[in-house]
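I'd like to ask some things about the structure below.
We just call them A, B, C, D and E in the order they show up, numbering each chain from 1.
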Amino acid sequence: MHLLLTKDLSIEFGGLQALKDLHIEINNREIVGLIGPNGAGKTTVFNLLTGVYLPTSGAMRLEGNSIIGKKPFEINRSGIARTFQNIRLFKNMTVADNIKVSMHQNMKYNTFSAMFRLPSYWKEEKKVDIKAREFLEIFGMEDKADQLACNLPYGQQRKLEILRALATKPKILLLDEPAAGMNPTETQELMEVIRRIRDQFNIAILLIEHDMSLVMNICERLYVLDYGHLIAQGTPEEIRTNPQVISAYLGS
Amino acid sequence: QPKEDSSTGSKDSDVIKIGGLAPLTGDVAQYGEAVNNAVLIAVDEINQKGGILGKKIEYKYYDEKGDVTEAVNAYYKLVEEGIVALVGDVTSKPTKAVAQKAAEDNMPMITASATEESITQAGKNVFRTCFIDPYQGKLMASYAKNKLNAKTAAILYNIDDTYSKGIADAFEAAAKELGMTVTNTEGYADKSTDFNSQLTKIKTSNPDVLMIPVYYNDLALIVAQAKALGIKAKLLGGDGWDGVLEVIDKSNVDALANAYFCSQYSATDPNPKVQEFLKKYKEKYNKDANMFAVLGYDSMYILADAISRAGSTDSDKIIEALKNTNYEGLTGTTTFDENRNPVRQAIITSFEGNSYKVIESYSMD
Amino acid sequence: MDFFNHIINGLGLGSIYALVALGYTMVYGIVKLINFAHGDIIMVGGYMVYLIMVKWGLPIWLAVPASIVICAFTGMLVERVAYRRLLVHNAARISLLITAMGVSIFLQNAFMLIFGTDPKLMPPLFQAEPFKLGSFELASTTVINIVVSVIMMIGLNLLVNKTKIGKAMIATSEDSSAAKLMGINTNRVISFTFAIGSALAAVAALLYCNTYPQIKPSMGNLLGLKAFVAAVFGGIGSIPGAMLGGYLLGVIESLTKAYVSTTLTDAVVFGILIIILLVKPAGILGKNRKEKV
Amino acid sequence: MLNVNGINVYYGAIHALKDVSFHVEEGEIVSLIGANGAGKTTTMHTISGLLSSKTGDITFMGQSISKLEPHRIVKLGLAQVPEGRRVFSNLTVQDNLEMGAYTRPMNDRREIERDLELVFKRFPRLHERRRQLAGTLSGGEQQMLAIGRALMSRPKMLLLDEPSMGLSPILVQEIFNCIQEVNKSGTTILLVEQNAKMALSISHRAYVMETGSIILEGAASELLDNDQVKKAYLGG
Amino acid sequence: MGYLKKKTGVYYLINAVLVFLLFFVLLNLINNRIINRTSTQILTLICINIILAVSLNLVTGVLGQLVLGHAGFMLVGAYTSALFTMNIGLDLKIAFPISLVLAGLMAAVFGVIIGIPALRLKGDYLAIITLGFGEIIRVIANNLKITNGAMGLSGIKSLSTTKNPSPMFIYAYALAALTVFLMFTFGRSRHGRAVIAIREDEIAAESMGINTTYYKLFTFVLAAFFAGVAGGVFAHQIGVIDPSKFDFNRSVEILIMVVLGGMGSITGSVISATVLTWLPEQLREFSKYRLLVYSIILILVMLFKPSGLLGRYEISIPKFLDKLFARITKKTAKTKTGGA
């Protein structure tokens, strides 16, 4: 069974067919790329998968269960986490708290214990604090834990967004242009980390990216969108030489 | 009785401290100012004549913005400053709150203008010089029936104002009891300026009289709109009408030719006391004195009279003296009934040209 | 017949709401500020007319333009003194809201000190014979109110959508630093917006005083609040919306008083507002845009 | 043409630019490269007047502009394509472009129309979407719109802040081509880029920034070969 | 993360001791009539306003939703509590605490009824809708028989008497302290973090698995609960209530306390509620200029400190002591080494 699957997935925005009959399948532990020209509908796919938009028609299944009509938080809890193209951090919270928000769903103590500071509160908060810092180590950001997220440089904000998504314990991670705004050196570093994340957490990753050095390097398979239609899919080698993709997206 | 700070007590023993509470800012400041201004005149006069019990009155007053909480705070402050009696408050709600606290303290208190019935029930220390709301409502219903031969009546009142509601309720009940038909009871929210909808409804049922128990500011607007709609009913009102001539446009005065309200005094009263006060007030504040001022002035005198009859500033004695008041003031002769409300004839007033016209003194029985 | 009268009553009242709402919507549209002091600018307008006509005995043709100019100037002054700093520093919107409330309290109390708290009688401004339409009689004030408010709305719409300064206003409202990079003097645009909004308030004040010839320092409170509700009704930020909202509010109020209850009017009106907002979260003519993620 | 002389810019207590000086000559393409948070955007904003410098001076065509308000600077012919596009999201594409021509006199109408056509020709996607609200465009479409909008003011000098961010490879090429074309047609260009390789390949000269200071400068081709630059910014 | 360090427990202890200390000092002064009746009343009102401001701060500062109808919940609480003690026929000493719980619960019920539709909207629209609900509550209270319409309720007995001036203060103080404590602990828990995350970015929060609807409603209802309790205490302190006491202006007053103190700062709310309740009393002599001065101060504070006096910062006396000790020990250490 596929981990994630969409079938005939379509959405319209007031007459504009942003996505038409999309089929994609992602297996466990895969790193898959979603590429295509600007405005092709890539981010829209993410928005559909995470419940931000409701599809006009079609099916989406995670481990065989339909996720259509579920709210974003329910979808997240069932195992899909994402980052945003325009960074959406909790800017006035500390870096560690950004991550702890994601751990919320996996914490047990109730409001009453919290308000009256019962032992379960202390125990779990301690655990979560240590865990949040462990997450930060993935990008070597543990020293930033107590800074406000808005004070991080852009690149680290992107990294924090990835960690935040990861902290929800997803089965599949959706990354929307993780390397945007990074220079090639930083991009290379990011590539290593994405691989490491996959190995360490045993999850699948679907990523949108325009940086071909990254895409061609770490993606095992690619889907190519153009004008809301899937125009190609296959290994990076196949895609690189696909004439339709070259003319629509890669250029000479 | 709260402990009094002995140091301030001895220092001020050559004066009698009387407290005052009035809204001097905020939405109802105009009423507070009128009362307070008049009290100030009265205090001046009394002091010029040598004060009471051989001592001067020190009148200490605070603004309470028409707010209940502020009024209670200010009252506490006055008590701490050692007042022996209180003139105030002005509007019903704050007065009611203060009356409750004053009752606990057994503080003699006389309000010039808080008309809501239950206020004096707070304690045997609470008096007032104005008519209570139900009295005015009943009185006007009776007048409409007996003197104006009204068979149908409508009411337009301010739903947020206890004064207005109090009179309206009593009027409605009394009118029904007297066999009149009440065609409409329409309300409006405080600070409304548009009454066309209500008046249109009233016009349709074409009552003989229209009772408008509101203060003069609202009345001015209502009369203009009623006139524009061509409402023919005779208009009735309570003492809050006094002052309307100052705020109504000359072109609309004719609409008042057929209007009657029960007043507590008459500005055209030949009594020199009245005329002298009106003159003094005008000179001092460059404004015409209205009913609030007149009642404020009388209240201060009634209190002063009671203190001198009591011969002491002891609360119980002052209260006892107040009970036995028989005072000849601007509003006629005032005595108090068992509920410490004034017993006095009402003066039915109408309008003629651009001035008030006293029709007659009227009482229900 | 009665029904028709109630509708007319509602329109007359509604047209004043509409005019005030236009001012709210203007300012809101550009700086996203609920200008709580807007109602008080109307009060300023009222007192100016009073001062000029009653106190100084000058003729109406002088009082009208003078009060409009003074209000526009007051609006600009308020913006310059009380809002500019916050706008420039991109402060939280709620700070602006509180400042606006501060300005409102200030204006009311200043006028209370200067003119006293008791209401002032306004002389009739423009009176005419009632209009007769067959058996219907239309008060001249109602007709004047409706006509003036419609003219104002059309003018304002043209100003915003067809002129260069109008476009600059829209750009400034969207993203003021990007607007600066287009060469727009955003401060001037904002000043201008306040001037126009306040001039509208002055016009509203004139109509108001003509209809309800009484002014007092707190007169702007309820009017401002109602007009603000009207603006939200119609879709705040939308000029025709403000207009529609104003008329609707007036008519709903009037009909509620006529056929539901005169004591529960405000509750019913707010209830209707809430239902409208729940069905159309951005108001009747407001554009409800999904945030692009 | 543009002279930046010893500027210091602060965000509250943060000292974001430290004694930054550089210059751009007429007809040049000059790149400003550097890591995240180096202060490139801050430099751009200071030039266009959105931020002000505590010290130092900026002159544009011989005239000091460091004390001028942004809208005056634009009128002098200095346009900026801001980082993060900053299109007017509730205006249509066409209205956005017309906003770009705000400083041009009304009687320039015909010329403005012509420029509009030119922009549409350069970015056919914008023509397709010209009635769409800019806020609903995809990232790349918005970037095109931002550049088109800046061109509409017919600037003498164009400041571009990361114009290639988030664009597809084909568009990146296109944008860089476009920058070169614009430059050839007489507009001086100051370019901020993460994509240092591309940027350097079309620039005449370049400056490298690090934590608020300029640490390197030289001809673009030199910097492309510089080991330090290679390691830090070119991923090799 | 201050609250996870070992010191946290000590901090809590110091704070608790300070709160109790202040309480006993004030109580003694009141009982010995050193603090007079006016001041006792003002202290009580300060506590009531602290409850109101801190609870509104939860919605407006922490959750980030502008609410203009807080006084409506206060009204519900005030009437519930007053009607209960007036009609139940129990001894006030027993009836009063029960009535406060009922006041809170009733306000919370209203919170749910209002919150479910209202919280679907955001920003200014939410503000309007809460304003609308607040007005509806007021108008209805103005028309019901049980509330005695515009006349309101009077003769609500207070626990305090001239002989025993402190009980109302004790209640108010304890409730204010409890509210502050609960708001603090709530804010610094996984739930509070979820709420702050919603303020920062609702879409992102929801995408990270936060049930935003639930938390928005929960915070709203929690705030309503406390406003209701505050209303109950208020009714019994003043003795007279009527609907106009709880109108739009009252809501604005509370909002101003929150914003002036600093949105999201509990200590800020406490300080500004204290000052804004205390100061007008002191300015009573200048009553004509009071509001003028108030408005000017308000504008100036907003202009020069738009995020409020404290912003999001919390004043912490233990932390302050900590720093002080640290400095002293450093100094002594220095002098020691210097001496050696």
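Everything that follows uses one rule, which is that contacts are C-beta pairs under 8 Å (C-beta built on N, C-alpha and C of every residue); 3 or more make two chains touch, one makes a residue touch a chain.
Computed from a prediction, not measured in an experiment: that's the story for all the values here.
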What's the fewest number of moves from subunit B to subunit E, given that each move must go to a chain touching the current one? 1
With centres defined as the mean of C-alpha atoms, identify the chain lying farthest from subunit C. A
Most distant chain from subunit D by Cα centroid: B
Dist(centroid_CA(subunit D), centroid_CA(subunit E)) in Å evaluates to 50
Take the average of all CA coordinates in subunit A, do the same for subunit B, and state the distance between these two points in whole angstrom. 73
Chain centre separation (subunit A, subunit E; CA means) in Å: 41
Any idea how many Å lie between the Cα centroids of subunit C and subunit E? 34
Of all residues in subunit C, which are in touch with two or more distinct other chains? 109, 263, 265-266, 293
What are the residues of subunit D that contact at least two other chains? 136
Junction residues of subunit E, two or more chains touched: 139, 142-143, 203, 288, 291
If I apply the definition of touch given earlier, which pairs of chains qualify? A-C, A-D, A-E, B-C, B-E, C-D, C-E
The residues of subunit E that touch subunit A in their complex are 1, 3-4, 12, 182, 185-186, 189-194, 196-197, 200-201, 203-212, 218, 312
Across the complex, what residues on subunit A touch subunit E? 50, 52, 71-73, 76-77, 81-82, 84, 88-94, 96-97, 100-105, 107, 109, 111, 114-117, 121, 124-126, 128-129, 145-146, 164-165, 168
Spell out the part of subunit D that touches subunit A in their complex, as residue ranges. 33, 35-37, 84, 125, 132, 136-141, 143-144, 162, 165-174, 194-197, 231-236
Could you please specify the touching residues of subunit A with respect to subunit C in the complex? 43, 47, 52-53, 84, 88
Subunit E residues within the subunit B interface of the complex: 33, 36-38, 41-42, 45, 139, 142-143, 149-152, 154-155, 161-162, 238-245, 280-281, 284, 287-288, 290-291
